[in-house]
């Protein structure tokens, strides 16, 4: 299969390397990047066609699928172009910060009939995917609750926060998707609280840096979500799912498997510094799932609809905070 | 110091044994129990005066302090008798299921000037107490959130549930106290949801068997509490406190420190079966704290007021469930 | 059953309290101690007959079994007295520091037909006992190796070391017994090395403070044993048993089940300070096993022969160190 | 810097990918492989010159360093060719199965003055390297002992075993190097035992499949090594270093950071299946260390001398098994 990659930034580079080194049957025919440095990266790795014009890539007759890894505000445009050109689409999330635009674009994609995968990479993390599979196999019986704690080592630049759509739409949205994915049902009610505990600058930018959310699902499961923009101990993302037959937890992996014992007690390794380290394997596995679904003609394992639902939960959570009351969905 | 113990049931026996074997300076002068078997237990351990009349014990001129370990509905009566007799009081929780009665009894105790400790034993568990102390020493910086998960291995008899005051007043109340204890502030708002996931019988008895609670404290800390009346894996009580400077967690202790490795993976020990196993040490330590405060003339480490506040949170949580809205306190 | 306890020191007190509080069918009729403080302890707990004369206790007509918890150099004498009096015997280890005396005493006991249990309490620790049981149930398949690491927090007083029979006879002997117990076979060869890493004083006293041992068993299993008289991190005793079907490990229990996360990483609880803390439960369980075997007329779960075999391994290890060569046994 | 890679098999592919994706300043100018499939792999990744003639690559005027990743029996030949051509050498281990040939080749390399690194990749594993660094910083004080347990999930093909030089030379040799690396001293005495616990076929091939070794170092440290060719639970490699000031352990990393709790207890993830998974990161880090030392003109972090010393220990261990006695080195 021949593919093209739009956007050779941080995540585009990861996908390009994974394509070259893990998928021998996939040919990266073309790469597009607006700036020279990304294009040089692609040239160094032997990509035949390197361009700054996405249309050239999308309309390339040999290219069957495009990976859209460019800036968020270009996602919807490129998705629409690719859909019109009849190319299969792998798009980084979010598709757009506007719910309306997402709905329009998804309608267009649906009309065109091209397959589209939205890159919710955390679903493909070996630990989270294992939990999903074991739930599906019935190991937990009937689900009762889910706990998600996601804390970043430190806040992103304030410019990023200003254009991010807010913490709930930018960060908690991953937990909303993970909760839907694991619970296998839709959220019917959201209660959320926001707080400012990290930085006055974030508050001045009109955003929160700490979120507490309680979701109720259509099947009765309650999800507790806590998000924070800062820790002193590195990247922290943990999950617990509890059911009538047992419990599954995902703990943080550590940098090393070293244990020291001394006067201070027994000290394990340190948390990872960054989500890119934590999720390195998930990037490869989500691509594998995309190619597999594409070749087998199966439904995509994470869709534009999934992205839309997570955004709707985020929006309801924002309303819940504003009005301090549980908000119904759907 | 000479003491008397009222009620030689499950918890009274624990206290009696601990008095005899760990506190060489404490003399158990008398024990009261309504039934013969409890009295025989006390006789076997050499308690000089064994009776079925609490008044005899309370008014015994040599007795300086009484431990009230009898049935819940007798607590308030014995507390009042002891207060009138000028005896120091160690009372099992709750003091009463009625908030009004608790308020009246506490007023009487306050008027009498006798010291009273309410036996919130979990505060004295070495792990939970360690966390409290490390928070007090500033290790976590400014607190941001607290997570408490308490799950019993199985529900108590339905008769117990019917007279328990309900899951929030009977079980979650320990978490309400623990949250107040660790956070060191008062709850200002409660949002709670109840569910029936364990047994139809509990639902028919008018109670819930699964509770989800979000507390907001006066200092901004948010506490997430989950309670369930049943697990397949034993007694489960865990806590996490997160602050600007780090995180402290209390995990479950296991029956053994064995790890097996085989085709099924790496298997740790099993959870304990029962809260009495988990908290064995806390019973001894709470008594030590009572005697220490008494002898030093210091404030009691857990008071009737603490019990009252926990009950008020439980009541607000019940109203929150009934009306599906956050409820303000205070 | 009526029993008497000889020696109300550290370990005698533990046994006395356990008898009173855990074995309702056992009556402690008498206690003997040479000094007043031990006798007062027994009186405080209501022991009817308190004496400084072991013969009075041993020959007391109502006493069916004696627990010998006195100083090591009196064990063999009291065992012989009790055997002659036809009393069942529970004896703290070692029976004597001289292999010859042990052999003589065991011959006398055997001739008398009284049951004798040697108090190898570590066998009854819930974790070590669990491993033994799972091995017996075949979980590990055919055993291949065993690793034992035992390190004390600090060396005992030099006077104790001088009269201890040496590190191998005093400390490593517990590992020799544990290895035999777990492997279920006899040692056929010993290779050992000794070192001085802790204290010049111990070296001057003619003892080692660090021992490295490799045992070969009759069934081919190899056991690695390391012992040290000092750590900076508390009491450390761990075991690993590896077989054709898997592995079982016993890790150290910690003081608390707290985990802290901060700039220094993820810190677990601290090791226990002292073997008495680590093995508190084993003291109760070994007594239970003694009473159970006695009442059921079953073989004792740890015998004088077990003590003898462990001493023979220790002696061979001493010869191995002296001659720097593997030494055959049996 | 321009390099060439000789041998594009399992390990050569790993190095080639790592060169392309992690070292932007390194140009892979040429790759040599005897068979077509390895050459196609290199072509697919855009290596300019692909050949089946090692001499062409080694003598290529632009190539400054060669990575020798071919079959073991060709290592010494290519090392000598490269040394004569004045190229820096990174050579997979072992350099040769014959101690004599290794000595000759090292002499030639030394005479030529080219830098040579022997690829003891486990030294560069983040956990093992962290322990080494913390020992070097004095965290453990004076070292006392080291424990190494290395167990493979299953034995290699019997043909491999026949040409491997034997378990001690093929498998335990990694532990001999690791022990020297961590202890920072030379081995002065070896005591070893061999056993047959896995497969009759291995025994018939004249090799052992289970090894027990005790090493004594010049600084008094004792190392315990256990090796086995088979487990039921995956790849198992752990280390413990104990010193006067504390202890450092390296535990196995698991496939996932999942914990399940149910009737069977609390189950952690599974061990990795294969050393290539366990040491993926170490392959990248050893290359980084090679390039860094080369560019900075510093001593190589693992030398041909290190390989020679590990082989000498293996040879002494074989003699110890044959003669059942401790064998002196040096």
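Labels A, B, C and D are assigned to the chains in the order they are written; within every chain, residues are numbered from 1.
The rule is short, and it goes like this: a residue touches a chain if its C-beta (ideal position, glycine included) is under 8 Å from a C-beta of that chain, and two chains touch if they have at least 3 such contacts.
Keep in mind that this is a model prediction, so the values were computed, not measured.
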Chains contacting each of subunit C and subunit D, listed by label: A, B
Furthest chain, CA centroid comparison against subunit D: B
Between subunit D and subunit A, distance of the C-alpha-averaged centres to the nearest whole Å: 38
Distance between the centres, which are taken as Cα means, of subunit C and subunit A, whole angstrom: 57
Centre-to-centre distance between subunit B and subunit A (centres being mean Cα positions), rounded to whole Å: 43
Of all residues in subunit C, the ones touching two or more other chains: 231-233, 236, 245-247, 261-263, 269
In the complex with subunit C, residue positions of subunit B that touch it: 17, 20-21, 24, 44-46, 126-127, 130-131, 134, 139, 245-253, 255-263, 269
List of subunit A residues in touch with subunit C within their complex: 231-233, 236, 254, 261-271
For the subunit B and subunit A complex, residues of the former touching the latter: 142, 144-145, 147, 149, 151, 191, 193, 195, 197, 210, 212, 214, 216, 220, 222, 224, 226, 228, 230-233, 236, 240, 242, 244-247, 324-326
